[in-house]
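Each chain carries a letter (A, B, C and D) given by its place in the written order, and its residues are counted from 1.
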Amino acid sequence: MSTLWGGRFSGALDAQMKQFNDSISFDIRLWEADITGSMAYARALARAGLLTDDELRTLLDGLAAIRAEFAQGAFAVQPTDEDIHTAVERRLKELVGEVAGKLHTGRSRNDQVATDLRLFALKATYELIGALLKVQEALLTQAEPHTETLMPGYTHLQRAQPVSFAHWCLSHFWPLARDADRMLDCARRTAALPLGSGALAGNPFGIARHALARDLGFHAITQNSIDGVGDRDFVAELLFDCALIGVHLSQLAEDLIVFSTAEFGFVTFDDAFATGSSLMPQKKNPDAMELARGKSGRLIGNLVSVLTMLKGLPMAYNKDLQEDKEPLFDSLDTLRLTLPVVAGAVRTLRVNAERMAAALEPAMLATDVAEYLVRKGVPFREAHHLTGRAVALAEQRGISLQDLTPSDWRSISPQFGTDVAQVFDFRQSLASRAVDGGTAPEAVRRQLRSARQEWMQLKQRVDTP
Amino acid sequence: MSTLWGGRFSGALDAQMKQFNDSISFDIRLWEADITGSMAYARALARAGLLTDDELRTLLDGLAAIRAEFAQGAFAVQPTDEDIHTAVERRLKELVGEVAGKLHTGRSRNDQVATDLRLFALKATYELIGALLKVQEALLTQAEPHTETLMPGYTHLQRAQPVSFAHWCLSHFWPLARDADRMLDCARRTAALPLGSGALAGNPFGIARHALARDLGFHAITQNSIDGVGDRDFVAELLFDCALIGVHLSQLAEDLIVFSTAEFGFVTFDDAFATGSSLMPQKKNPDAMELARGKSGRLIGNLVSVLTMLKGLPMAYNKDLQEDKEPLFDSLDTLRLTLPVVAGAVRTLRVNAERMAAALEPAMLATDVAEYLVRKGVPFREAHHLTGRAVALAEQRGISLQDLTPSDWRSISPQFGTDVAQVFDFRQSLASRAVDGGTAPEAVRRQLRSARQEWMQLKQRVDTP
Amino acid sequence: MSTLWGGRFSGALDAQMKQFNDSISFDIRLWEADITGSMAYARALARAGLLTDDELRTLLDGLAAIRAEFAQGAFAVQPTDEDIHTAVERRLKELVGEVAGKLHTGRSRNDQVATDLRLFALKATYELIGALLKVQEALLTQAEPHTETLMPGYTHLQRAQPVSFAHWCLSHFWPLARDADRMLDCARRTAALPLGSGALAGNPFGIARHALARDLGFHAITQNSIDGVGDRDFVAELLFDCALIGVHLSQLAEDLIVFSTAEFGFVTFDDAFATGSSLMPQKKNPDAMELARGKSGRLIGNLVSVLTMLKGLPMAYNKDLQEDKEPLFDSLDTLRLTLPVVAGAVRTLRVNAERMAAALEPAMLATDVAEYLVRKGVPFREAHHLTGRAVALAEQRGISLQDLTPSDWRSISPQFGTDVAQVFDFRQSLASRAVDGGTAPEAVRRQLRSARQEWMQLKQRVDTP
Amino acid sequence: MSTLWGGRFSGALDAQMKQFNDSISFDIRLWEADITGSMAYARALARAGLLTDDELRTLLDGLAAIRAEFAQGAFAVQPTDEDIHTAVERRLKELVGEVAGKLHTGRSRNDQVATDLRLFALKATYELIGALLKVQEALLTQAEPHTETLMPGYTHLQRAQPVSFAHWCLSHFWPLARDADRMLDCARRTAALPLGSGALAGNPFGIARHALARDLGFHAITQNSIDGVGDRDFVAELLFDCALIGVHLSQLAEDLIVFSTAEFGFVTFDDAFATGSSLMPQKKNPDAMELARGKSGRLIGNLVSVLTMLKGLPMAYNKDLQEDKEPLFDSLDTLRLTLPVVAGAVRTLRVNAERMAAALEPAMLATDVAEYLVRKGVPFREAHHLTGRAVALAEQRGISLQDLTPSDWRSISPQFGTDVAQVFDFRQSLASRAVDGGTAPEAVRRQLRSARQEWMQLKQRVDTP
């Protein structure tokens, strides 16, 4: 029988029902948030005159002792502890006696758990951004020496135009920067305090909620007690942010899996981040990347879990909301494990510049041929069409575009001079794309500077939230 | 360094990568399937002449010993055990020496894990249907005495027509029958043996796969080794079946949550399946039903996880597939816990027939009024319209439809005779819907017989798969 | 054969393939964005010296003429128009001749479509917030006169504590305020210009991207051309925001569907927002709310569509990205239709204050009884337990909590004085919860002021983006 | 004001509400099913004595005339037609007068729409399987000449073991066979008739539902009228089947996208199924495959839409169910367009056998080396380890595994004889995997025969449902 709501019930809870109902097996992870929240609430009760100084001290000492027990792995969960809140309150009573019963004054598990979960989510958000920054750091490190390392750029996984490897690295830097920015927005919305909402109607003991919010590091209070206990937007939003990070990692992973095939051969994973086969001794498998790609599934799935759970719920608190925690924990744990491995795999990647160079082919400069004509005054669309005919001619002859003769070129358009030969220079093609965001070495170096600046700013926002 | 694929790798695996890559923490649940599969494979190797009788006996004895260790909770996982397969093989070598190395002959972890997971899924499917049958049983038990207990039937959650409580109970029986039927179809597709597919190209040692399939209780073999190692359709399909069960339970739960409000008051949950509030002592909350409703979210989320993970994978085995297990385990565990609780809550439900009766109102017989006109030869659409006018007239007068006077009725249509008064009999309304599937007591009794027959057949199919 | 890439292809496109590949049937909705983008790009080309003033004027005039054609519904799509971009370019050539071919100079459909879609999404975002504001307005209007209208507040759909109807209204105001805030964050990230990224490697003609961004109302440029053409984060994020709005509406709808049942009877929908039944003339169905609730499904589904589509894509542009538009359009259209209907249904809702009042019962003041004891110095947990015993005693006697005699109360605890009778006053219970966010009339009036202020600020941010 | 339920309502429906509520814009696609269902219902009414022979003939003639109007595109929807059912009934009344009003006798839109949608889904299911069979046919056609065409088989996208191209083709045949089988199971469950369920309580006019079911080609009747009107399991199940088809196509597409890169070069798409680039004339993009891959997202999204919509619905019919149609139509339309294009792209694929052969490398026979040792009596695990050492030695020397000298081999294990050289024969490796389902030419020819047999059986089940 629960210690919290037993007064009126005559029958005992069915054993399976108890197991079904209890959340201690997973919400025990909220212990630190729960104790932090209770300490602040005790101080608020004291400020409101509901606890004497002595009582406050007793409660804070008791809670500190419980915190120490948890930190040392010494806290013993009892069968009657249905959740972390009852577990802490039960233990507090054991340690400090009846005064423990004052801690819940005007507080409900409804506003308590909402507060705990926000505290937990805020902390996890900053840690997650920290882990994202490590992946970005690895990408920056890989990019640095490779602003002039040429590789084919692909669209539709077909060779399109030459780009630099640094440019490719940075193409995976910016999505993560958006992720971090998005999580900081989410954190701003998360940092609103529900405590003081009571079960749903508000606290009747004159608790000063703004002071309580400041005490707990929240920037604001929730403005309606019914909404305050039922709102799990911050969970859904954080899960979305995690899902999109998962998508970004799956795209980085896909590139690297393809690049590390025997056929591409652009990169080699370090032994520390690849695995072998039980039956095929020669294999070196990009498992880290495959797992990173595959885990996007569960990150999206967890988001769906919570959105679907929230759908159609009636006002204020419903027990369905207990289903908010495991998906959140799972997404956070997944990324906590995935991000460092991705960072490590990227950081230790071996770049095979010769294989990249060997994959460049003259046809990838067809666009440059068209641009050559544009510079001679031919409208782009016409230039594009003429170049298409040159490509077709070369293909028909079974030769490379570069090997067309001057008369071949002239047969297509008189505007092709002998200087068209100079177009077939991959480095020059790169250099021409010096626009902001382009792949020219100088542009990429500017981009690198921007990226490092962005990174520093994110780091500062995370280090001093 | 892994014992399985270490021969060629020079560097050690990064510690976080190892944790990321290892699956022993969750795939240990496949231990029984893995040992069963290995025993059958040993017998197949012996039949193919790759093991002597002595070697076979040694391997089987060793595997039996490991099975006993697992069953007794005595199996000790070692840090080098990356998954259940390596753990069992490692232990087997400790127990029986070098001959253990013969067990993997021609087998890859790719076909091994696919086989294990199918064995596991098949067993779980039958257990799940067994648990579904218990919920159905509870619904049948509740329906039995209530074929004449009237309650309002709702559409749009508005009172529509009287139905019996038994009829309502059975409306939740049939969806679960479809679920069971669907899972049996899924089981038929799951029961195809991948073992003998090797890593992807097939087994080179003349393993007789059909005999192996029979040995393991599979009805068929997978027909293409590439597909055999990569196919996880059976996981996706089972997860869909679980998700739809979740949806059905959420609908049953929604009905009962609404019916158990103070305002409806149709049913009362037993104390064994309800909980109280920490702040509001008078509350009796339908937590079991709310959790059952909320858990539909995670069941749908798990399905999305796996479908998304499978999306766009290249041929044969990819490490992404390791992400198939946790969602499957979670959905199975969720239902394993939810179904008995739902069964218990339904079985112990107290039916408040007076509250149900009190909620019946004459306006719910408007359709019967229209039908009365139809029986007098008025086309239904016209009858419906005339009845609508009667409803409007009663509402305008602020009286019940039943309280219209004979002249009121005649003012609407001369076809309303004084016998219209006899329409206002809820039991007669019920009795008139005696069509198969209708709510008339005799029809519901027929339906109950069909339901019991269906239940028996499902039970037989599950007991002797 | 496409006019855009036909130069080199020998065979014609398969007819079904053409239908499969073409996107004009849905991306025609981007026409305004496409023309706006092209006009700005023409100006950028002129600034870069690639168009003469005359050419620029010709192009701008031509584009303006096409815009007029679209605005008047006079634009005729041709079978060769595979998408909106080719349609506009084809028409431009018809109108202004070969100079039209210069417009595409250095631009690819990859950066063009990314730009168009961002322009479209930005406009739609602001319109959506505008529609959200109307729903909020309706909630404020309903709340205004009802700060003292009592109703039961529910948790677990069980009567918990009295709240005011205004408080309930506002509980649905704040989630929408968070939605608006979230969309404004999304808009900030969306307002980065991809144009100038070319196909993937960057623009080679010295286009000044920052000026181009300002011209189009973007706050920033995308910083990496590969990422610039492949990034659809802004679509996913907007779809998430739509999905969460859908969840919020489903919760508002659920409350109102339950409140409008015969059993609750708290609210009545206006005939303008309810429908009848084809068979049951007395029915008045909350269809608007049911559709609003049901449409949360498609809003979540559309989000899943795009996240899953993005999963595992390789670098830069892939044709899969064409699948970004229909889910986005569908979610925007869904909300564009749903929000005004929800606003209308809420605005015209009839509040049945007597039914609300009648649903209050003394047991809902059990918490107040406990608080009474707390004010006498009893620790809350003990007070809660004693109150539980009082509830049990009343239930056992079959009387209301309020009807316990003074000696009954004393038998439970000597601290219950005769003044406990004064606790049974619903208005006093309300008034006691005067904390910020609480349900006390004065607190709700403060909350109303905050809400109106928040609303004004959102309106300003939307009106002057 | 609706013609169907207008009798009692005083106010007109809000204009936006009407648009929101009406479903004619999309459910018009049910016209054929609606008319077929109405004809059968008219016959059932006649059998039950509720229509005279003349009335029946009049109704059937009228319905046939409406069917002709629809078939000729001549049916004119009126603003008052809220859905297909009211549209047909309205038109019928125009054509045959008041007797049209008898058609709805005892029928509700609830059981009518459920019946229509099942008829529609059944027909669509068989069409879909027909389209699946075409893709399978293309795969069989491609496989036929290539049982001896060698290519690398991949796991983790790393070269693993040689397989034949035919074997790869068939690896995509079987998943589609499972899809067809799964849809036939779904069709069996779909073919249960809800008509006769009325609004929710059952038909009161003695309709013979079994005869009606036979008339409409249903195998069974739904057994509970409440469940009959609310059950959309058949929609969810069909959407799941579509989603899994989408996943299978995405995997086939991924393989072909990778195989058609310049780096792999294994296959070339026919010009009829590939597209070019607007900026890069040399490009030949696998757009058909990319779209097929990307569309898996919307197919999964549609499934989520419906599952989420169904979650938590109360008993019988709720308007939310109107949201079942668009996702279903979209998934069916998507596959109806995708499958023929995939079939065409596969059928016209050019196979570059030399590129495949050139991608084979001796290290892919490492497993065969291990198997060589196994055949000499070395336990597999030891054999695997020794082979690993040979791979490492070759890598260290910078030579191919094949180029190790006899003394190199002996230095690793005395069991390596000079005959190890004979292992390095790709065809022999293939031939050794002659197990059922293996890649040996003879095994693949057996597999082809099985596949053709399976295909014929599916075709028969579809042609004579």
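Everything that follows uses one rule, which is that contacts are C-beta pairs under 8 Å (C-beta built on N, C-alpha and C of every residue); 3 or more make two chains touch, one makes a residue touch a chain.
As the structure is a prediction and not an experimental result, all values here were calculated from the model.
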{"item": "A-C against A-D, pair bridged by the larger set of C-beta contacts", "value": "A-C"}
{"item": "Residue-number overlap at the subunit C/subunit D interface, same or different (half cut)", "value": "same"}
{"item": "Separation of subunit A from subunit C, taking each centre as the mean of its C-alpha atoms, in whole Å", "value": "23"}
{"item": "Centroid distance [mean C-alpha coordinates] between subunit D and subunit A, Å", "value": "33"}
{"item": "Per-residue multi-chain contacts in subunit C, two or more chains", "value": "4-8, 10, 104, 110, 155-157, 160-161, 198-199, 258, 276-287, 290, 293, 296-297, 300, 303-304, 307-308, 310-312, 318-319, 367, 384, 387-388, 391"}
{"item": "Complex interface listing, subunit C residues touching subunit D", "value": "2, 4-14, 16-17, 19-21, 104, 107-110, 198-199, 270-273, 275-288, 290-291, 293-298, 300-311, 318-323, 326-327, 337-338, 340-341, 344-345"}
{"item": "Subunit C partner contacts - residues on subunit B that touch it in the complex", "value": "155-161, 257-258, 260-264, 276-287, 290, 304, 307-308, 311-312, 359, 361, 363-364, 366-367, 370, 384, 387-388, 390-391, 401"}
{"item": "Subunit C residues within the subunit A interface of the complex", "value": "4-8, 10, 50, 89, 93, 98-106, 110, 153-157, 160-163, 167-168, 170-175, 178, 181-182, 185, 189, 196-207, 209-210, 221-231, 233, 236-237, 240, 243-244, 246-247, 250-251, 253-255, 258, 293, 296-297, 300, 303-304, 307-308, 310-319, 367-368, 371, 374, 379-382, 384-389, 391-392, 395, 430, 432-440, 443, 447, 450-451"}
